[in-house]
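The next block holds one structure in the form of structure tokens; read it before the comments.
Naming follows writing order (A, B, C, D and E), and every chain is counted from residue 1.
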Amino acid sequence: MSGLASVFAREARLAWSGGGGPAGPAAFFLAAITLAPLAIGPAPEVLAAAGPGLMGFAALLSVLQSAERLYGDDFADGTLDLYALTPMGLPLLCLAKTLGQGLATLWPLPAIALAGGLMYGVPVQASLMLAAALLAAIPALVLLAGFAGALAAGVRRSGLLIALIAAPLMVPVLIFAAGAGRSGFEGDERALANLGLTAALSLGAIALTPFGIAAAVRSRLG
Amino acid sequence: MLSYFSNPQRFDGLARRAIPVLGVLTVLLLAAGVWLSFFGSPPDYQQGETVRIMYVHVPAAYMAMALYAALAGASFVFFVWRHALADAAAEVIAPIGAVFTVLALVTGSLWGKPMWGTWWEWDARMTSVLVLLLVYLGYMALRAALEDAQQAARAGAVLAMAGVINLVIVKFSVEWWSSLHQPASVIRFDGPTIHASQLWPLAVMALGYTMLAAWLVFYRLRSRALIQRARQTERRKLQAARQAQSTEGGLT
Amino acid sequence: MTTALADLPAMPALLPAALDVAGLSLSRGEVRLIADLDLALAPGDALLLTGPNGTGKTTLLRALAGFVRPDRGAVTHEGEPADTIGWLGHADGLKPNETLRQALRFWAGLHGTPRHAILPLLRLLAIDALIDRPAGHLSRGQQRRAALARVALTGRPLWLLDEPAGPLDGAGRERLADLVGWHRGRGGIVIAATHQVLDWPGAKTLALRAAA
Amino acid sequence: MSGLASVFAREARLAWSGGGGPAGPAAFFLAAITLAPLAIGPAPEVLAAAGPGLMGFAALLSVLQSAERLYGDDFADGTLDLYALTPMGLPLLCLAKTLGQGLATLWPLPAIALAGGLMYGVPVQASLMLAAALLAAIPALVLLAGFAGALAAGVRRSGLLIALIAAPLMVPVLIFAAGAGRSGFEGDERALANLGLTAALSLGAIALTPFGIAAAVRSRLG
Amino acid sequence: MTTALADLPAMPALLPAALDVAGLSLSRGEVRLIADLDLALAPGDALLLTGPNGTGKTTLLRALAGFVRPDRGAVTHEGEPADTIGWLGHADGLKPNETLRQALRFWAGLHGTPRHAILPLLRLLAIDALIDRPAGHLSRGQQRRAALARVALTGRPLWLLDEPAGPLDGAGRERLADLVGWHRGRGGIVIAATHQVLDWPGAKTLALRAAA
């Protein structure tokens, strides 16, 4: 158990020391939600309606952005070989590693989504619902990104490949998380159900993806 | 059964005999299916003549999913038993499945214009088939990106198995999200709800598509094996030549 | 130098190690690199893999670690590979932004090795003064030494080292020999691929030859 | 001059052989425009209004996605040192390299944008305008991404850093390109002006960014 | 071996080379690595940089190439650095997906060296059989040899080589010596950092010492 904790802590530390921790994803997310209105145009109805979805989509993209380094670095510098030989077993290690990096870098997203929702003219309650849904979605998104990242580790232009692999797997998470925000906006009582489903997907991801990630890592050691 | 085909000669023997049979079956079934679709079935009382697109569309959509299931199944076999033929099958199935998926998308959207007045709608079923296409593309891209054949095989197998989730989504999307698209009416627990005059051409076309896919898979598997064998002999020759050269005292 | 060696703290006893390779055949692409290799190593043994470039030293080490699947034959460890192997590949496995202290504490902790073993090991390898430097600011040879310390901190009995001495200077090679001697004295096994002449007393040599 | 051509050709070839050439960005772009409606919801008015902007944004992201490898690989494998010592001079080399990789990988985007526009319910003419605007925008986007990529080469999590550096620089391009699509949609005669401005930005980028990229590369050799 | 050497085609004549280093001081972080170094090399000269790990060999080479700015002093080349230097760093500068043929054709073309020089050079380095392999499928030493061929194909007079022989086997080191001898015979200069003993006739040695 202390092994799990130390892997988690190390990955969080590495994310801080090398990449500025949460600054990067936060700024990317912020940039995405600021640029989108520039591209979409300023019509308030459109923005408010598209807001929750856009935010969910931007969150997905910022998770993808950092996915490349998640396993790519370890592959290039030989750490992956070492991880495969640890006493705690690869699946547990991958779980701790992925969540350690993911949570250390992505925790500001829900707060920014809340502020962003208000900026887009989404009502307060719906914005809160959106923020909660993002919070619930992050573990699932991060673990799926980790799975794709492990498969594509060290491949040329792996960023694109990872996006292509992970995006389809993330579809359900995206639908429920953005759905929670949207139904919140439309004053719909399905919001809570959507939130619950999002959380359930994250739990499912915690239970299942570590084995997928470990298998992916093993397949790349050959 | 598995170990039986691990002998390449034996598989080649089977494939050599199966390919012409499948080819003939494909042509016959598709010809019969097309005839039935156009002349052997009435226009729909609601949809008129456009219903005939169904006979192209529905089997294509069904093949898109069935081939993914086959891809995942072959990947599972390879992952557990390391059976090289299973990996070859997975590699060969993917592009064929992607083509059927494109066909389902194109015919579906051709159908959508007369039926719903739009080429495309972000409806659950249609979108999830588009996502299925992405899964196929991702699988092929991953294999293409990994230079080491062994790694490509293993990583591809892992991904293909994970992608099965998407099949579930395609299948149930119509029930989960209220949708424009037809719910299943042929493959249901309580039996088909479709009229027999439509069921027949549909069934023949579906069988024809299946034979076509099987024919393509066997054909490509065999040509892949032949290419590999040719490469191997070439390499052996090269090696022999080099050995002869080095004993003359040239290089080392 | 031997003073530094004497400084090494008592580390937890090694698990029993033994390696048995029977009829091992390996290939890359479609080229057979190693055919029907038999090999048995007992506690205290050292094996040097030598041979021209491209004869399969790295491939063999990766197969012994279980990363590469053999065409035929078997590698039998006493115990699980994941419990017995200390690995050093061509790459050092260091993070440019992590200091040696941070990195080695992490690896020691993961393998249940006490922290007070770190500093004496670094002293033995003559990089103790660099302990608070990020690995990215070390020279090539300094990085290699740090990676060797990491292997020792795993506390694993079977060390697989791929060109451990490549970027080391003369003194570094002697210190490596000391480290390996200490490990063998504790009942460990060392297998190393090398192009350098390594004077490890009693080490066997397996010279790979170019495939036909 | 033949040096320029050979660098261009090599980069285009490398993009093909390792990363599948245009398949990656095309698939990423397709994934982005497929997922966005899942998040935003299927309401046709919202989608048609947001369409051109979303497409412009997705194009920007797919350019950014490949930016990390553009100079990051060369930094890691030592090629950047060699490029700095070439006879043709670094700025020209960087121009040829960046455009070679960019054009080899991104040419399908306008065509996909056309199809995507139609799928989002954007009228044909506006979709055509959007595709043309993207075509005009690609050189500018690629060169700006290359600039950011060179600055961040070899830095941990450089993908994020690149996004932060490049995104603000790309804002004007995005505004004009998406603007062309939007005004096309709104039946507005500003569309052509927007298209012209986008092309002008690309020409400006070709003239200026090579010096910026070369300076960035030099700063990373130390 | 000398047969292979005799096979080398006439390549375009080298530009005149000469290197003059006066009062050069270099540091990394806040550590002064090299102080007041004077050095003059004429056509045909070879210089081996030796010294313990971390004494600044790599840093010095990068300064000679113009990548690192000196604290004080000057490096004077005959001609522009960008026209005279052939560089081999710790990394090989190969692309895993590019075959040797593709890569070397590219570099030869970029430097205006005729293509027919490629094959004889690979033959000299004993990797001609691998010419159609992607670099990612080569062993460590094979990659190093390919990188050496690339340096030779630049047709540049001043070669700066950072541990050229690290991953080379014995035969590889001899072939490297042949290559260097050929280059010096044409009026080239070679400076190499090394931990291996390299028997290059008439080569000077600069042994760096650890900073105080």
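Here, a contact is a pair of C-beta atoms (placed from the backbone, for glycine too) under 8 Å apart; a residue touches a chain by one contact, two chains touch by 3 or more.
None of the values given here were measured: they were computed from a predicted structure.
At the far end from subunit E, in terms of centres built from Cα atoms, lies B.
Using mean Cα coordinates as chain centres, the one most removed from subunit D is C.
With centres taken as mean Cα positions, subunit D sits 34 Å from subunit B.
Centre-to-centre separation of subunit A and subunit C, using mean CA positions: 37 Å. Separation between the centroids of subunit B and subunit C, computed from CA atoms only, is 47 Å.
The centroid of the Cα atoms in subunit A and the matching centroid in subunit E are 46 Å apart.
Of all residues in subunit C, those touching 2 or more other chains are 29, 69, 90, 96-97, listed in ascending order.
Multi-chain contact residues, meaning those touching two or more other chains, occur in subunit D at positions 14, 18-20, 24, 27, 31, 34, 38, 73, 76, 156. In subunit B, the positions touching at least two other chains are 131, 134, 137-138, 141, 145, 148, 150, 252.
Every residue of subunit D that touches subunit E in the complex is listed here, in rising order: 2-3, 6-7, 10, 13-14, 17-18, 73, 76-79, 81-82, 84-89, 221-222. Subunit D meets subunit A in the complex at residues 14-15, 18-20, 24-25, 27-28, 31-32, 34-36, 38-41, 43, 46, 49-50, 52-54, 56-57, 60-62, 65-66, 68-69, 73, 76, 155-157, 159-161, 163-164, 167-168, 171, 174-175, 178, 182. Subunit D makes touch with subunit B in their complex at residues 18-20, 23-24, 27, 30-31, 34, 37-38, 42, 44, 47, 118-119, 121. Touching subunit C in their complex are the following residues of subunit E: 28-29, 51-54, 58, 90, 137-142, 144-145, 163, 166-172, 195-196. Within the complex, the subunit B residues that touch subunit E are 147-148, 242, 250-252.
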